[in-house]
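Read the structure below first, then the notes.
Naming follows writing order (A, B, C and D), and every chain is counted from residue 1.
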Amino acid sequence: MSVLQGIVPPIVTPMQPDGQVDYDSLDRLLDHLLNAGVDGIFAMGSSGQVAYLTDAERDEVIRRSVARVAGRVPVVAGVADFTARRVIEQARRAADAGVAAVVVTAPLYALNDTAEIADHFRMVAAAVDVPVIAYDVPVRVKTKLSNDLVMQLAAEGTIVAVKDSSGDDVGFRRLAAANRAAGHPIDLLSGHEVMCDAMGMAGADGLVPGLGNVDPAGYLRLWQAVQAADWTTALVEQNRLNKLMEIAFVPQGRSGDAGGIGGFKMALELLGVIDSATMPAPIAPLSDADRDAIRAILAEVDLLS
Amino acid sequence: MSVLQGIVPPIVTPMQPDGQVDYDSLDRLLDHLLNAGVDGIFAMGSSGQVAYLTDAERDEVIRRSVARVAGRVPVVAGVADFTARRVIEQARRAADAGVAAVVVTAPLYALNDTAEIADHFRMVAAAVDVPVIAYDVPVRVKTKLSNDLVMQLAAEGTIVAVKDSSGDDVGFRRLAAANRAAGHPIDLLSGHEVMCDAMGMAGADGLVPGLGNVDPAGYLRLWQAVQAADWTTALVEQNRLNKLMEIAFVPQGRSGDAGGIGGFKMALELLGVIDSATMPAPIAPLSDADRDAIRAILAEVDLLS
Amino acid sequence: MSVLQGIVPPIVTPMQPDGQVDYDSLDRLLDHLLNAGVDGIFAMGSSGQVAYLTDAERDEVIRRSVARVAGRVPVVAGVADFTARRVIEQARRAADAGVAAVVVTAPLYALNDTAEIADHFRMVAAAVDVPVIAYDVPVRVKTKLSNDLVMQLAAEGTIVAVKDSSGDDVGFRRLAAANRAAGHPIDLLSGHEVMCDAMGMAGADGLVPGLGNVDPAGYLRLWQAVQAADWTTALVEQNRLNKLMEIAFVPQGRSGDAGGIGGFKMALELLGVIDSATMPAPIAPLSDADRDAIRAILAEVDLLS
Amino acid sequence: MSVLQGIVPPIVTPMQPDGQVDYDSLDRLLDHLLNAGVDGIFAMGSSGQVAYLTDAERDEVIRRSVARVAGRVPVVAGVADFTARRVIEQARRAADAGVAAVVVTAPLYALNDTAEIADHFRMVAAAVDVPVIAYDVPVRVKTKLSNDLVMQLAAEGTIVAVKDSSGDDVGFRRLAAANRAAGHPIDLLSGHEVMCDAMGMAGADGLVPGLGNVDPAGYLRLWQAVQAADWTTALVEQNRLNKLMEIAFVPQGRSGDAGGIGGFKMALELLGVIDSATMPAPIAPLSDADRDAIRAILAEVDLLS
C-alpha cells in the first residue's frame, strides 16, 4: 500500500561548470544510489536546488531520473510552486513523466490560513493522477504544517505521506504516534540526517537524507538496523554518518543554500560520482580550503583513501 | 529619465465566478484608472494575486494590459519567481509584451545571503531588455532589502526604482535621504495606502496603492497636493482615503490574502467596475455581511450613493 | 485630563567610566531638556537602558529625576519586568517616588495570549495609584499590542496613553483614527524619531524621541509646527533632525543596544551635557572613529562648532 | 566533577487558590521526586513559572527546596533576569541559599550580539561563587545559543553545563559530538520530554523533563535503560511517557504557559501530590473538561486507578 518507505535520497542536481544540468553526472549519481540499494529517489527537492531550475530543466531532470531508474524503485518529484493551480501544472507534467508521487509544499508568497492550505493540497490531489506527498519545510516556505492538518489530510486520503524537514522532532514524534493511533494511513519520512536512529525510534517509515547522496550505503545499514530494532548498531552507524555530515558545516560564512548542498556536491565530485560541484548562479563555488576540509572528512570516515 | 513616478495602482486581476480571468472586467478596470489620470499601471503585483495565476494567465494579463493602456502611461509587471533564471524567463516574456519595466523580488524558497541577492538582481538586469524595479515585500518573500543593498544596486544601474511594501517607513525615509544624497539615481515608490501624505513628505517619487484600484481620483488629488507641498490638503485627502481603506479590514478572521484584496475586489464589484469579486481558489468569497459593510463604507466616503 | 503630551524625551542613563550611574550628569541632562522646554520626562525606557540597571539603580534614577524636575513637567517611568506581580512591585516604588504614570510593557519570557495580556495590564492598573501607559515595543518584548487590545484597555480606563515603539506606522495611524472615533480616551505618543512630522499628521498627541536627548530644541520646534499645522516647517525641521539621527547609525557591526543609544550618549558627551558615553557592561564603548564621525554630524547640523 | 547529571525535574511551583506559593505542597512535591530517586532538582525554571514570581517568592522557593532536599541531591536554581548585573543579584542570593549551581539564560529585552552574550555569561560566572549552567530557551528569550558560543564558554570554564530547551535536536546532537571531541568539559541536559531515548543516544548527560514532576519513576527507568544502552527498554518507557505527555496538550486554545504547565499541575493535583493546580494570575484555571481528560490519561498509563 505504501508509496514510499526506507531510504529515499533527495538527489542533488549535478551541473556543468557553465551552470547547465549535467545529465551524465545525474545518471552516475542515480547508479551510485541504486547500486547501494536505496528504496526510492526524490528528485527536485531542496537538495536538488529546485528553486534554481527552470521548468524545462525540472521536467528533464525528472524524465531522465525516471528513465535511468527504470522502475527498479519509485521516483517521486518535488513540484514546488506558489499555489495549487501552478503546482498542478508542474505535477501533471511530472506524472506524465512517470513519477510515483508528487511532493507538494504549503503555498509560497501567498498569505493563507489553515483552511486554505488544506484546500491547496486537496486541489492538487484532485487534479493529479498520482498520489500527493506533503513536504513540510518551514525554513523555506515559512509555514509549518500542523499535526492536526496533516492527520486530517491523511484521514481523508488527500496525502499518502509526509516528507518532514521541519526540524521539529518533538512534533514528528507526536505525529508518528497520532498516525499509528489512526491506523497508519500515511508514511512518515524524515529529512534529519543526523537523527535517523532517533527518527527510527520515533516511528519514521523512511528517511530522506540529503547526506544519503554521498553515503547511501551508510544510511541503508542504519535503516536495516532500525528495521531490526538493533538500536546499538543504528547508533554506531549514525555516529559515523554524523562525522561525515560535518562536510555540510565546512563552509563558514556562506548562505544556507551554499553551505550544506555545496558540501554534498563537493563530496560527490571528490568521490568521482559527479564531474563538478558547481552550484547554480548566483551561488559562488566553495573555496579550495573548503574542498580540502571536505576531502579530509571523507578520508576520516573511510569514503576516500 | 524616470521610468515610473506618481500614482501607479497595482491592479487587481478580475475573475469570473468560475475562477477564470475576466478580461473584459480587466479592460474596464484599466479604463477606470486611466480615465482618472493615473501615471502608470503595475500588473501582476501582490494585489494582482500573481501567486495564484499560471504563467499563461500572467502573460495574458500583461499583454491585455499593455494593449488596453496603449502607451498612454507605462505598464510595469511583476515577474515573481523563485530565483533569477526563472525570473528571467518570465521577464523576457513580459518585455516582449511591451512592459516598461519588470518588478523583481528577492529570491523565494532559496536561502541566500546579501551578496547572492545582489547578484540575483544583477542576473535579471543583465538578461532582460527592460529596466528592473526592485520589489521589497518581506511579508511575502521573507527577506528585507537593506538600504545599503538598494543603494549599491542603484549606484551601479542595476535597478531604476524600488517598490516598497516593507512596512518599514523609517527605513523608507532613510532610503529617500540616501537616494537624494546620491543624486537621486532611482525612483522610490511606496505601497502604504494610509501613509501617502507622509511618504510624500519623506520624499517618495510615487505611490503604488492597492486601494488606488478603488479610488484612483482620491490618490491623484492627494498626489497633486503632495507635489504642490500643500500638506494640509494632502492630509485631508489621506484621512478620507483612510476611511475608505477600512474596506480592507472588514473581513475578520480571514487570511491575509482573503481580507485586503477581497475588500478591494468587492468594492470594485459594488462600484460596477468589475463583474465579480471572485478570488482565486482556494480563497473563499467574502460573506454577505462583509459585502454590506463594504458597501456602507463606500457610501460613507461618497463613492456610492 | 491628559497625563502626557508633547515632547517627552526618553532619557538616557549617564554612567561613569566604571559603570556606576552618574547622577550629576543625569541632573545636567535633565536641565538640558527642561531648559529647552520639554513637556515631560520618560525615565527608565529602552533608551535609559532599563534592562541593564538593578532595581536599586532604577529606583534612584527615578527619585533623582523627580527631584530635579521638581514638578515643572510630569515624569513618567518605565517599570519593565516579566509579569504583572513583579511589575507592580516596581510600579509602586515608582509611584512612591512621585512619577505621574508608569510605563508598562506586555509580559516578557511568559507565553501569554491576548486575554492574559489584557489582564496583565488590568492587574497593574488595579494595584498602582498612578495611571498606566502601555509601552508597545515588540522588538524587545516580542509581542505587538493589537489596536483592538489597546482600544479595549483605553475604553475601560485601564490605560491613559500608549508609547508606541512598534515601527508599525500604518498601525499607529489606524490606532489614532480609532482613538479619535472613540472620543480620544487616551494619548498616543510615538517614538519614531525620523517620522515625527508624519506622526503629527497621523494624529500623535506627543513624541518620545530618543534623539530628543541630544536636540530637544529641534523636536520642540518640530512639535510647535505640528501643533500649528505648519507642515512645511515641520518637514524642514524633521529633515534637519534626520541628518542628526545618523549618529545612531554610525556604529557599524555593533549590537542593537550598542549602536543607537551609544550614538546618543556619545553626542551628549561631545556636547558636554554628560561626562561620559559609557554604556553598561557587557556593551563595549564606541570606537574613536565612531566618536569622530558623530562629532562631524553634530557639526553638520550646527550643534557643535 | 559533574555538577548535574541524570534525571533533574524542573519543579513546578505549587500555589494556593489565592495565588500564594503553597510551601507544604512544594515539600510534598520534593518528597515525591526524591522518593522516586531523582538525581537533582531544578527550581525556578520555566516549569516553575519563574516569570510570575516576585524576587521574595523566588528566594523562598529556593530556600525551602534546599532545606527539604537537605543535601541528598544537588538543587540548582534559575535566576532569570534581563542582564548580567541583575542576574548576579539573584544568583548571589541563590548561592547563599545553598544551590549547587545557577541556571542563566541569554539576556532578555536587551539587544546584544554574540560577543556581548558571551560576556554576559562571563560577568555572572566571575561574580558568583557557584557554577553557572547555561539555559538555552529561545522560545522565551528569543536568542539561540550557538554551539560555537557554548563550546567557547565551556572551554574557558565559564559554564559547567547546558540546559537545552531549544527544540533544536539536530543542534543538540552536534553539540554533544563537539563536547565529546573537546574532552567533555560540560554536561548537557535536555528538556525534551518526548525524545529522551533519542537524547540519550545523542549523548545527553541528563534530562530536565517537565513531565518528570508527574512521573519521576518513569524517567528514572528510562534513564537507567539509557545508561545501560538498553535502547529497546528505553523506547518502551519513552512511548509510555509520551502517552502521559498528552496531558500537556489537553488544554486547547490556551496560551503557551497555560497549557503545558497547567497540565502538569493538574496531574499533580489529581495524584494528590499538590493541593491545587492553581496557576499564577493572569492565567485562568483549566476547565473541568480538561481536568477530566487529564484524569483519563493518568488512568490510561496506570498512574491513577
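Observations on the structure shown:
FYI, a contact is a pair of C-beta atoms (placed from the backbone, for glycine too) under 8 Å apart; a residue touches a chain by one contact, two chains touch by 3 or more.
Fair warning: this is a prediction, and the values are worked out from it, not measured in the lab.
Looking at the partners of chain B and chain C together, they share no chain.
Using mean Cα coordinates as chain centres, the one most removed from chain B is D.
Residues touching across the chain A-chain B interface largely coincide between the two copies, over half of the numbers being common to both.
Once the centre of each chain is set as its mean CA position, chain A and chain B turn out to be 36 Å apart.
As a whole-number value, the distance joining the C-alpha centres of chain A and chain C reads 49 Å. Counting partners per residue, chain A has no residue that reaches two or more other chains. Interchain contacts close the chains into one ring where each touches exactly two others, per the touch definition above.
Pairwise chain contacts in this structure: A-B, A-D, B-C, C-D. Of all residues in chain B, only 46, 50-55, 80, 82-86, 89, 107-113, 115-120, 122-123, 139-142, 254-258, 280-284 touch chain A in the complex they form. Interface residues of chain D facing chain A in the complex, by the touch rule stated above, are 167-170, 173-174, 177, 192, 194-195, 197-198, 201-202, 229, 231-232, 235, 238-239, 242-243, 249.
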